[in-house]
Amino acid sequence: MIEVHVKKRLGGFDLDADFAAPPGVIALFGKSGSGKTSVINAVAGLMRPEAGRIEIDGTLLFDRTRRIDVPVHRRRIGYVFQDARLFPHMSVAKNLAYGGSHERDRVIEMLGLSELLDRRPAALSGGEKQRVAIGRALMSHPRLLLMDEPLSALDAARKAEILPWLERLRDEAGLPILYVSHAASEVARLATTVVVMEAGRVGRVGAVAEVLSDPAAVGMIGAQEAGAVVRARIAGLDRIDGLTELALSGGRIVLPGRLGGIGTHLRLRISAQDVILAREKPEGLSALNILPAEVTALDEGPEGVAVGLACGADRLLARVTRRSARALRLEPGLRLWAIVKASAVAPDDVGGAA
Amino acid sequence: MIEVHVKKRLGGFDLDADFAAPPGVIALFGKSGSGKTSVINAVAGLMRPEAGRIEIDGTLLFDRTRRIDVPVHRRRIGYVFQDARLFPHMSVAKNLAYGGSHERDRVIEMLGLSELLDRRPAALSGGEKQRVAIGRALMSHPRLLLMDEPLSALDAARKAEILPWLERLRDEAGLPILYVSHAASEVARLATTVVVMEAGRVGRVGAVAEVLSDPAAVGMIGAQEAGAVVRARIAGLDRIDGLTELALSGGRIVLPGRLGGIGTHLRLRISAQDVILAREKPEGLSALNILPAEVTALDEGPEGVAVGLACGADRLLARVTRRSARALRLEPGLRLWAIVKASAVAPDDVGGAA
Amino acid sequence: MTDWLGPEEWQAVRLSLKVSATAVAVSLPLGLLCALALAKGRFPGRQLLNGLVHLPLILPPVVTGYLLLVVFSRQGPIGSVLEPLGVSFAFRWTGAALAAAIMAFPLMVRPMRLAFEAVPPALEQAAATLGASRLRVFVTVTLPLALPGVVAGAILAFAKAMGEFGATITFVSNIPGETRTVPTAIYAFLQMPGGEGAALRLVAVSVALAMGALLISEWLSRRIARRVAA
Amino acid sequence: MTDWLGPEEWQAVRLSLKVSATAVAVSLPLGLLCALALAKGRFPGRQLLNGLVHLPLILPPVVTGYLLLVVFSRQGPIGSVLEPLGVSFAFRWTGAALAAAIMAFPLMVRPMRLAFEAVPPALEQAAATLGASRLRVFVTVTLPLALPGVVAGAILAFAKAMGEFGATITFVSNIPGETRTVPTAIYAFLQMPGGEGAALRLVAVSVALAMGALLISEWLSRRIARRVAA
Amino acid sequence: ARAEILTFAAASLGGPLDRAVEAWEAQGGAAVTVSYAGSSALARQIMAGAPADLFISANEDWMEEVARAGLIETESRRDILGNALVLIAADAEAPEAEIGPGLDLATRLGSGRLAMALVDAVPAGQYGRAALEGLGLWDGIAPRVAQAENVRAALALVASGAAPYGIVYATDAAEEPRVKVVGRFAAESHPPIRYPAALVAGADPEAAGFLDFLSGPEAGAIFEGAGFILPEADLPAPDLPQTGPSE
């Protein structure tokens, strides 16, 4: 369990964040200046709250009333700062080893750092610095990982290499991660719990599938970024076409690529904008994934209608125009077909199940 | 015309970039460490190339053979650095005004900085710093804007406010912009020309519509990020549903939101993963946009098939699984239907036409 | 107070303050220039300049005073040039200020140089891209960011000037009202049998003054530092 | 060379080097501590410590020497404690080193303090999150990043120690082979009519030595700086 | 340039000379300003063109040096004062000493040092060394001598207890309660201790009057009161105390 309750005045800004979450990845989501970094700093011990309590997996890091305040260096955290904060006087190798050498070779390999080991940070590009910072935090073998937009300076290909590693940490090592990101795809993929920050307060907190597939949360998260998270099991592999067939609770879909062995559990993010709704089951489409669904909720926003869908035990989210909503005569309880474009669910959005 | 030719050895890294582009926004695209920042630094005059020539709109900034090297402060550039580089000893207001006060109030308004003016940079969040850096560069009224991942620290909503401004600069002020980004949506929206960097060299250069809709470029750009750019004219407005009807050269599509007045020219990015292909014209779909198209090229990659389409004078790009490709019997020359989900083309991907 | 220190002693205190303040104020621009040249310059003779700046520290003060006497006396190479121009340092309070400035110079330059070296070039570059000339970059970015070092240099120099004695008495003698600063007055008291009491009173006054200056400057530089970083 | 300077003078040169090097080496840890406390500490008496550190700069050297004499003499408050322990500074070269160290202390501490203040807390925080204790943060991050300032402080202190005279001769007098450093020898020569030549020869030697040390340390600190920033 | 009489005087004359100036001014003499410093510094300054009217040195060599440079009015040169050397002890119980070849100085010193002014460079040191040489004691004592910057610093070494014994001027010892004078060197045991004074070339005419005043009886009384010896009396005045007032 991760419990964070922090109160602090920063100039004119009032931080008063309060949330609890099961172990896993907690995504801190929110606009620029909403207080995400401040929360993380409090957990790291770099900012001392005026009041509050911070507990991670049974370890009390801070408790104002009990006057507990574990010093930063004893908190065993790995903090990937928003700015890389590499030590300028040390080589990349020394930077990496500063906190420890846990899984050194694999981390270096994964982050593609082997060519850079002898360099000084000043001779690195922006993305390279960020990768070293990630590696340094991972190698310190923390019991809690704090990541403040760790992937924002990286290209898509590099992100695709790092995300599975973080999933592995979450699932295999059971490492709790507080993760700040503006990219819903990263959040959907990694997060167990989503905490939406608004002006220093927690606007919404809940399981990732719940928050992201809630039509009412679309406004908070951003229309572009909204989308549901579903769980799936690999039911079949098509070696020739390189496809994976997934069993969802409400049907089967096929995705490109080999996503794992048969029986593996995955989670998928299906962006609201990638779901097409139809009253009749369509034929002859390139989209191979047609799921029966039932409308559970509707939420009209300025840019269209967010449609909550139940599809077996999973929830989906679709975004349609108002005209379509009218044409389809959408209303809660309506049963219809949800078409998910197979290649719209890219590997980025597919993660090991948490 | 913008001409950049720079050669420089940086430690073990060999920069040898050579490209020319018409005025507009030149997007520098490429993996972390491919040399994007180095190119921009050369243009800014912060790095002196060992050989080469840099000319912007008829002004020679650097020419090794003619021993021309305009000092940085006379180049009249606005550089938004990858790290914000605000002056720590000045308030936000002073930072902003350092290079000039061009369109001060509008810039402050657009970037949402009015609350921050009296603060020092140390009291700003990551995204706030970045916004101030953007404002500072804009207010210096440059004749060339260099932007190194300017929006990476910002949330989607804030990005959506800044991008139209940059478009306006490009279109109305005719300001050339060198723009580094890992986000294809930004590139597609803003860029006139795309320069793909690979290990210090220019891998590909061309008009944005051409590069992004070329199936062969999907590998270079990343499957997730691939997508065509098309031009459209606003043909109608649906005030009740908040929809805009656009005329493309090959048909009509409807997008959510009011995108401008009737007759306005726009450009749209249609992500390859948002295009569904069908042999028969489908009926009863929530997707309102069904365009007739012809397959022009196919490119098989590890994750599926990139399909180049001609749709009137525009080019589209679709990504389908191999199984779909076979089921649809795709081959160059085939005429079929391209279904574009209306809400998949979000405002982010809609820009004023360049 | 007036019976505690005689009028002559108060005169020495005033003179010391005048001499030290003048020494620091006048040498400040040159100190900044030297510090800047040493921090950022790449020119032949840089190490020579560096050595020259440190020289007054290495030389026993008496030697510095002696050399000043030789150079600035009416017959000396510089004194004979300045004399017709009406500029004279010999046995004038201006000479005491000159001696103090020279003795304090290395202490002034070092911290300034250090501070200039620590200003991130990235910020100076950013200023240049915004159209700032080298001079403007210096005045608006480099100097303010180096200010704690500049203040430190000025304080060290002032403290040194307040305590300077050997070079001063050797160069401009110990003339009441003109060149008799607090340290030279202390010296004179210590040389005369039974003068210790008066000497100690003067020591107390000069320590109090210098500490006051120190506190003020600390407070100032802390304010500046707080404005720079948070 | 040996006829250019007599054996006694060479002895003084060797002694000066020994005294200065010892003074700097021994006071370095304390200097670092003081600089650190002044830079980062928040404790009552901080300003007092600050004043105390600057004191030797403000006091005329003779006064400092005299105070040392009083405090470290056999009956003095410290001397009487050390005497039974067999530690004695009186009339020993160690006393000369002590005097030089104290006189050089403010010059050592200021640049160090400045450098410590300039180390970005962000990096120290980063080190702490990686599990580094305060001590480890200091040794691996703060100190290396402040090294140019530490070197600057040490250089200033060494140069000052090489030139120190007033406090030294007052405290430990002038005993050939034991406390007769170069500056005291120079002073003695200057007291004699016609002694200028010999004094200047010694000046030349001490300047050459100090400049050598200066150049080496410059080169060193430049290497360090180059390693730190690029 | 100034209306005052600028006097360059050895710093050791400080107290009594100030009183003499007061007396001179009280009787209507022109204003006098005194710059006190070491004789060597003052001499060099005069040779460098200092606007001094009168030079009073504690060191005959430096007066000679200035004279050789032609910068004094030779006929005005005179010795206005003399002094005596005494052996002082830090210990108030120290027994009186018979200053002679049999002086048990080395024994008295033990492991301690004998404080003197610089024995090669400063007059008090030079006189003391000459006296010890004359007594045949120098070679035994030389390694034990702590040479101070000047005679005042030598006095301080003894007064603070750092050195058990020292050789200083009688005038210095007289004002220092923490030392005991245990013996006085006979005047003939060393070259005569003299304070020569002379008008500097081109001096203000008023300065001649001041110099005369200083060598006159009124000033003489002031100086004698401070323990100086007047040059007419080359031998110690019979009424001078043999020991310091600390007794």
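Per-chain numbering from 1; labels A, B, C, D and E assigned in written order.
Here is the rule we go by: a contact is a pair of C-beta atoms (placed from the backbone, for glycine too) under 8 Å apart; a residue touches a chain by one contact, two chains touch by 3 or more.
The structure displayed is predicted, hence computed values, not measured ones.
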| item | value |
| --- | --- |
| With chain E removed from consideration, the chain sets that still hold together | one piece |
| Both-way neighbours, i.e. chains that touch chain C and touch chain B | none |
| Chain whose mean Cα position lies farthest from chain A | E |
| Rounded Å distance between chain D and chain E, as computed from the means of their C-alpha atoms | 35 |
| Chain centre separation (chain A, chain B; CA means) in Å | 25 |
| Computed distance of Cα centres, chain E from chain A, in Å | 91 |
| Interchain centroid distance [CA atoms averaged], chain B/chain D, Å | 60 |
| Of all residues in chain C, the ones touching two or more other chains | 62, 66, 187, 190, 229 |
| Multi-chain contact residues (two or more partners), chain B | 83, 123 |
| Multi-chain contact sites of chain E, meaning residues that touch two or more partners | 38 |
| Interchain contacts (touch definition) - all pairs | A-B, A-D, B-C, C-D, C-E, D-E |
| In the complex with chain C, residue positions of chain E that touch it | 6, 8, 11-15, 33-38, 41-42, 44-45, 48-51, 150, 152, 171-172, 174-176, 226-227 |
| Touching residues (chain side chain A, partner chain B) in the complex | 10-12, 30-33, 36-37, 82-83, 115, 119, 123-128, 130-131, 148-149, 152-158, 182, 222-225, 238, 240-243, 254-257, 272-274, 276-280, 282-288, 302-304, 318-324, 326-328, 339, 341-344, 346-348 |
| Complex contact set, residues of chain C against chain B | 122-123, 125-134, 137, 140-141, 144-145, 227-230 |
| Touch list for chain C against partner chain E, complex | 62, 65-66, 69-70, 73-76, 90-91, 169-170, 173-177, 179-180, 184, 187-195 |
| Touching residues on chain D, where the partner in the complex is chain C | 47, 50-51, 54-55, 57-63, 66, 106-107, 110-111, 113-115, 117-118, 121, 148-149, 152, 155-156, 159-160, 162-163, 165-166, 183, 186-187, 190, 196, 199, 203, 206-207, 210-211, 214-215, 218, 225 |
